[in-house]
Amino acid sequence: MSANWGHHIELSLFGESHGKAIGIIIGNLPAGIQLDLDAIRKDMKRRAPGQNKMSTQRKEADEFEILSGFLDGYTTGAPLCCMIKNTSQHSKDYSYLKEKMRPAHSDYPAYVKYKGFNDVRGGGHFSGRLTAPIVFAGAIAKQLLAKEGIQVGAHILSVKDVKDERYPVNVDGDYLSSLASKQYPVINEEAWANMQAVIEDARLHQNSVGGKIECAITGLQAGLGNPFFDSVESHLAPLLFSIPAVKAVSFGDLDDITQSLGSQANDELYYDENKQVKTRTNHNGGITGGITNGMPVVFNVSIKPTASISLKQNTINVKTQENETLEIVGRHDPCIVQRAIVVVEAMAALGIYDMMEGFK
Amino acid sequence: MSANWGHHIELSLFGESHGKAIGIIIGNLPAGIQLDLDAIRKDMKRRAPGQNKMSTQRKEADEFEILSGFLDGYTTGAPLCCMIKNTSQHSKDYSYLKEKMRPAHSDYPAYVKYKGFNDVRGGGHFSGRLTAPIVFAGAIAKQLLAKEGIQVGAHILSVKDVKDERYPVNVDGDYLSSLASKQYPVINEEAWANMQAVIEDARLHQNSVGGKIECAITGLQAGLGNPFFDSVESHLAPLLFSIPAVKAVSFGDLDDITQSLGSQANDELYYDENKQVKTRTNHNGGITGGITNGMPVVFNVSIKPTASISLKQNTINVKTQENETLEIVGRHDPCIVQRAIVVVEAMAALGIYDMMEGFK
Amino acid sequence: MSANWGHHIELSLFGESHGKAIGIIIGNLPAGIQLDLDAIRKDMKRRAPGQNKMSTQRKEADEFEILSGFLDGYTTGAPLCCMIKNTSQHSKDYSYLKEKMRPAHSDYPAYVKYKGFNDVRGGGHFSGRLTAPIVFAGAIAKQLLAKEGIQVGAHILSVKDVKDERYPVNVDGDYLSSLASKQYPVINEEAWANMQAVIEDARLHQNSVGGKIECAITGLQAGLGNPFFDSVESHLAPLLFSIPAVKAVSFGDLDDITQSLGSQANDELYYDENKQVKTRTNHNGGITGGITNGMPVVFNVSIKPTASISLKQNTINVKTQENETLEIVGRHDPCIVQRAIVVVEAMAALGIYDMMEGFK
Amino acid sequence: MSANWGHHIELSLFGESHGKAIGIIIGNLPAGIQLDLDAIRKDMKRRAPGQNKMSTQRKEADEFEILSGFLDGYTTGAPLCCMIKNTSQHSKDYSYLKEKMRPAHSDYPAYVKYKGFNDVRGGGHFSGRLTAPIVFAGAIAKQLLAKEGIQVGAHILSVKDVKDERYPVNVDGDYLSSLASKQYPVINEEAWANMQAVIEDARLHQNSVGGKIECAITGLQAGLGNPFFDSVESHLAPLLFSIPAVKAVSFGDLDDITQSLGSQANDELYYDENKQVKTRTNHNGGITGGITNGMPVVFNVSIKPTASISLKQNTINVKTQENETLEIVGRHDPCIVQRAIVVVEAMAALGIYDMMEGFK
C-alpha cells in the first residue's frame, strides 16, 4: 500500500509536483463536524514555500478546493476530497532529470521501479509538495482531537549541531499552543538565531542542512495502543517515515536512551496530589509496552539535509550509462526543517486519531 | 491491529508468558518449500534465555511444534501454525504485579486498557518471550529470502557507551554469514569484551543496560518499496518498533545524519567496473525516496535498558492507590541486546519478504 | 488474505483435516468478558459430525483447548487461541486423492495452486472440518452481541425442493431463541419430515442434496454499515462465501426480488405506535443503501449438494494424465445443510460484531 | 472501510451526486501502461444516463479528467486520480428529501448514520452516479487483464420474468467481445424485445423493474484464489454487493444449484483433445474450493427494481415524525439493469485484477 493509509481513517494521496493537481481523500470522517477552514489555511501556510530565503522561491498559493464530503460548513460523512491545483509549474527543461540521477533522491530507484515512465518534473509524486494535502488532512485531525482535549505540537529540536531545549516533562496543551503561535517554534529563542545562521551559511555555500523536530501529543488517556504489531510507536512510525527526508524516529525525551542505566530510564510512577498517575521523567515518551501511560507522547524525527543542492556532484547518467557530474539548477530549500514541523504534527495527529478509531 | 500483521504474508501471534503455550500462524507461505528445521532451531537458540549470566536464568527449551501447513518436510501452502509450550512457569506468587506497577513496563497502561483482566504473570502477552515465535517465523522468511540471494544479518552496534564498528559500505552476504557464526556477533572482538564488562557491572549493581543493534539486508534489487505510506522505512519500522524495548529506529550508516551537510549525506552514485550502480557511501541506508537503490539496506534500533531491575524503585500501587516502593524479584536480563539480535533479523526478514509479495 | 480476516476483530484460521490440530486465533476481543464455555460447546455440537445417518460417521469430539487470552473464566484482552486436536484421522490410504481429482472439490485447483504439496487427506485445509473453529469464534461473537441485545439465528429454508416457511417480518430475539432450541431448526415441522425423506433418498442412492439456510440478525440499530465497498452486504458476503459449498447469497426475504415491481420491493416505512421506525415488509432484508434500517437483517445462502458422493464419477487422473473413473470411499454427508446452520450463524455474528468495531 | 478498497490495487472513491465532482483514485497501477482512453470513454457511455426513455433524462457528459498518474499517454506508476465534474445539477428544491424518506433508499439509514448532515441532493454519495468512476477504473482493469488474455463480459440475463439464454459452457473471449458490441447485450435478441416491453410497461405505470446480469471472465488459469476468507467468491462478492441495488450474487450457471443432486452439480473433469483440463458443465462457475479451476468464472447478480418510482408511496417524515405520503419527482430510470452491465463488468475486472496482485 503506497497511496492509501489508515485502519480507521482512510487516506488516499495523489498528485505530482508539476501535474495538474495534488490532493487527498479523507474517508471515514464523522458527519456534522464544523471545520475551521482558516485554521487549516494557517497550517498550510506554515508549510508553504516561498516565504523567505530559507526556503524554495517557488510560489504556490496552495489554495485548496474541497470537492466532496463537505456542505454548508459541515462534514457530510462521505469521503472528503481536497484538491490543490498546481499553479507555478515552470516550463523549464526537466529532461536532464530523465538521465542524470540526483544523489540521495528518489530518481534512480524510481527510474528502475517505474521503468522510466515516472513523472520526473520536480520529483513528480515523490515531491515534498505532496505534504501539502497531508497538512490539510492533519489540520482536520487536529480539530477532531482538540474536541477531545488532545493537542499536537512540534518545535525545532535542532538544526545541524544547534540545539533547542526539550519540552518540559509535563508539557500541556497551553504550552504547545503558545509555541505554535511562533513563526519558527523553538523553546529557546536564541537557538533559533543560531539555527538561522547555520542555514544561511549552508545556503551561501550552495549546500544544505538538516535537523530534528520534537513533537508532543498531550491529553491522551492511558491505555491507547496495543502490544506488538500495533504499538503506538508502530502505528505512528510508518506515517513519520512517510515524510520525505525523515531517516530516524526516536520516542522519549532523551537524545539516546541507550546511554542510560535501567534505573535512569525507568520513569518512576507516582500519584500526584490529585491522584492522577504520572511519571517523574518521561524518557519513555508516554508509551510503555506499546501503550500510552497518560503522560505526553513525545518523540523526535531526524530530517536529513535537503538532497537538492547546487554544488556540483558526481552521479550516473542512465542514458549514457556513464559516470558524470551534475549541477542541479532551480529553487531549493537550504533547510526544510522549519517547513516540516507542521507536517510532523499532521502525521502525528492523523496517526493518533486513527488509533482512537474515531469519535462517535 | 495488534496480533495480526502483513500485507502479503499473514502473521498472527498469540500466547502469554505463563499460559499454556505461545505461538504464531504464518499464512500465505508458498507451497513446496523444504524447511531447514535445524536452521530454525539454531536461530531460536540465539534468542533463548538461560544460556549465561547475562540473561535470565529461566530455562525454556523453546521446542516448537508445527501443527499445520507442513507435511513430510515441505510447506503445504496452508497456514503454518507453530506452537511452543511453556514449560518453566514458576508457581511463585505473581499477585504483587496485580497491584504494584513496574516502572517502564506495560503494567500500568495494560492495567488501564484491560481493566485488570490481563494476565500479569511474567508480563503476560507483553513478555519478551513472545519474540520466540517471531524468531521462528523470521527464520522461515530468511530461508525464503536466501533462495533469492537476499541475506539478513545483525550485530551489536553498542552496549551503553561501548561501540562496535559499522558494517563496511559494501557489506555482502558472505560478510553477514561470517558474523552470524559468532555467538555474539560484533565486528571488533575487543568491543565485545568491553561490552561484557559493562553488562556485568550493571548486573552486579542490580541495574541494567541497553544498546544498539545494526542490521543489514544484502542482495536487494533497486526498486523495492513505495513513495509515502509504504516506503521501505515505513514498512519495516512498525515491525521493529514491535520488538519490546525498541525506542528508536534509524536508517543509514551514520550515528546522526542531521550532523552532516547535504554534500556529505548525499551518497554519490556511480557505475562500478561491472556497470553496476552503487553509491560511494551508504548514509541513506540503501533507501532513497522510500525505495531501495540496490545498496545494502542498513538500519539500527535502540534497545532501552531492561526495565526489570532488582534495585528498589518508587512506583504506584493501584489497589491502595498510594505511592509505594517495589523490589522486583526473579530472573532478569541485565542486558537483552545480545538476545535481541536475532529478533531484529527476524523482523527485518519478515518485513522485506512481505514487501516482495512472495516469490511465485 | 486467506487465513486472516477482520477489520476490527482479528481472525486467523489454521489446520488440516488430518493434521495434528485445527484452530483459530481471535484477536482484539475486549478484556474482562466472562465466556460461557457450555454455550460454545453446545454450538460446536450442532456442527459436529457423527450424530446420525444424515452426516458423516467420522467421530470427532471437537474438544477445544484455549491456549491463550483466557484466564480464570474471563478474556484477558490478548489474542485468544483455540486449538482442537484431530483424533479420528483414519490411517487408510489417501494416496488416490493425490492422483484422481474429485469433481466439484478443491482437489484440482489446489493441486495446481500448491504444485501437489497440499495435504490432500480428507481435503486438508479445505475441509469442512475447518468450520469447527469458526463456530467456536462465532459462539463468542454471539455472546458479545447478546450483551447489546443483538441475536443471530438461522433455520433451514429448504432442502432441495422442500421448503420451510420464511421468518415473520418482525422476527425478534425470542423467536430466534425458540427456533434455536430445536435440534433441526425449521419453522414448519412438517417441512423437516419431508426434508429428511429427501436426504435419506439421496443417501440410499449414494447421492447428495443441498439446500438453503435463512439467517436473521435482530436488535440492530439503524445506521450500521457504509456506502459502497463496506456495505453491510459487502461486509457479510465474503464471510458467507467462505463457508465451503456456499454458492449464492441473497439479502431480503424474497426468493427472487427481481420478480417484483418497484412498488412491491419498496418496503414502506412507518412509525409504529411507539414511534419506532419500521417497514411493512422486509424485502430489502433490513439494509438499504448498504446500511441497516433498524429492521432485522435477513439473508439466505445456498449450499450446493455435498460434492463427495459414492456414485461412480468420471474425472481426471493428474498422474496418468488420463480420463478415468472414480469411486470415493469413506464417510460422507448426504446433506450438510443441517450442520451448516450454526456455521452461517457464526459467520453472521462475526461479521456484524466486526462492523460494530467492538464494544468498549 | 467504505471508500477505500483493494488488497493489491488501491481504490478510493469520492463525490456526491450534486456536489462539485465525483472521482476515484487508483493506486498501485503498473507504470508504462498505454491507456486506450477511447475504450474507457466507450465503457463510460454504456453506463451514462440520458440515452433513451429507459433511463433518467439527466444529461451528464461524464467527461473525465485525469489529474495525476498519467503522462504522455502512459501510466506513471503514481496514483491515478480521475475527476468527473458534475454539470447537470438541477437547482430545484431537494429539501423535501431532508424530511421525507424515500422507501428502499439509503435516505433513512443515512439520516440516522450521519445525523442529518449527509448531502441528500440526488442521493448524495449513495447515488448510482458514483458508479461512473468505478466504470472508469474497471475499464483500466480490463485493459490490464486483456494483456494477459483475460476478458470480462456481461449480458442481461433477465428483466423481471423475461429471460435471456445462458452463456455456453465454453464461453470464450471472442464470444464476449461479440456480445459487448451490442448496445444491449443479450444472447437471444428476441428476449431483448420482450424485456423492453416490460420496462416500457413499468415506465408507463410510474413503476420500475429489476433483473439479473450474468458475467463471465475467460482466460483465467486454474489456481487463482484461496481457501476460506479469500476465496474467489469472497473476493468478488463485496465489490458486487457495492453496486447500488444488487441484493443477490450467485456463482455458477444454474438458476438454483440447490435444486440439483450432487451427481448433477458435480461438474465432471476431463482432459480435452489438447490435454487441457475442462469440465463438461460449469455449474460451479469455474470455482471449486474457492479457487479457479480453469473454466470461465461465471456468476450473476440480482438488481432490484429501481427504488425511485413516481407512484405515490407511504413513508415517514422525520421532521414531523408522522407517517405521510410521498411522490418523488424528477428523473428516474424505470430499469437500471441495462446501465448496470458495464458496472458489473468493472467490478469483476477490478476484483480479478486485484486477486492477481498485478502484473510485473
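Just so it is clear, A, B, C and D label the chains in written order, and each chain counts residues from 1 on its own.
The rule we apply is simple: a contact is a pair of C-beta atoms (placed from the backbone, for glycine too) under 8 Å apart; a residue touches a chain by one contact, two chains touch by 3 or more.
Treat the numbers as computed from the prediction; the structure is a model and nothing was measured.
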*So which chains count as neighbours of both chain C and chain D?*
A, B
*asked:* Let me spell it out: compute each chain's centre from its C-alpha atoms, then which one is farthest from chain D's centre?
replied: B
*How big is the gap, in whole Å, between where the Cα atoms of chain B centre and where those of chain C centre?*
39
_Roughly how far is chain B from chain D, centre to centre by C-alpha average, rounded to an integer in Å?_
46
*Quick one: which residues in chain B touch 2 or more of the other chains?*
1-4, 13, 78, 110, 113, 125, 227
_Residue numbers on chain A that touch chain D, as the complex places them_ = 1-4, 6, 10, 12-16, 19-23, 25, 27-28, 31-32, 65-69, 71, 74-81, 83, 110, 113-119, 124-125
*Along chain B, where are the residues that touch chain A in the complex?*
1-5, 7, 11, 13, 101, 103-110, 112-113, 125-126, 130, 158, 160-161, 202, 207-212, 221-231, 233-235, 237-242, 244, 246-252, 256-271, 275, 277, 279-280, 284-285, 287-294, 302-309, 311, 313-316, 321-323
*asked:* Which residues of chain A touch chain C once you look at their complex with the stated criterion?
replied: 78, 227, 357
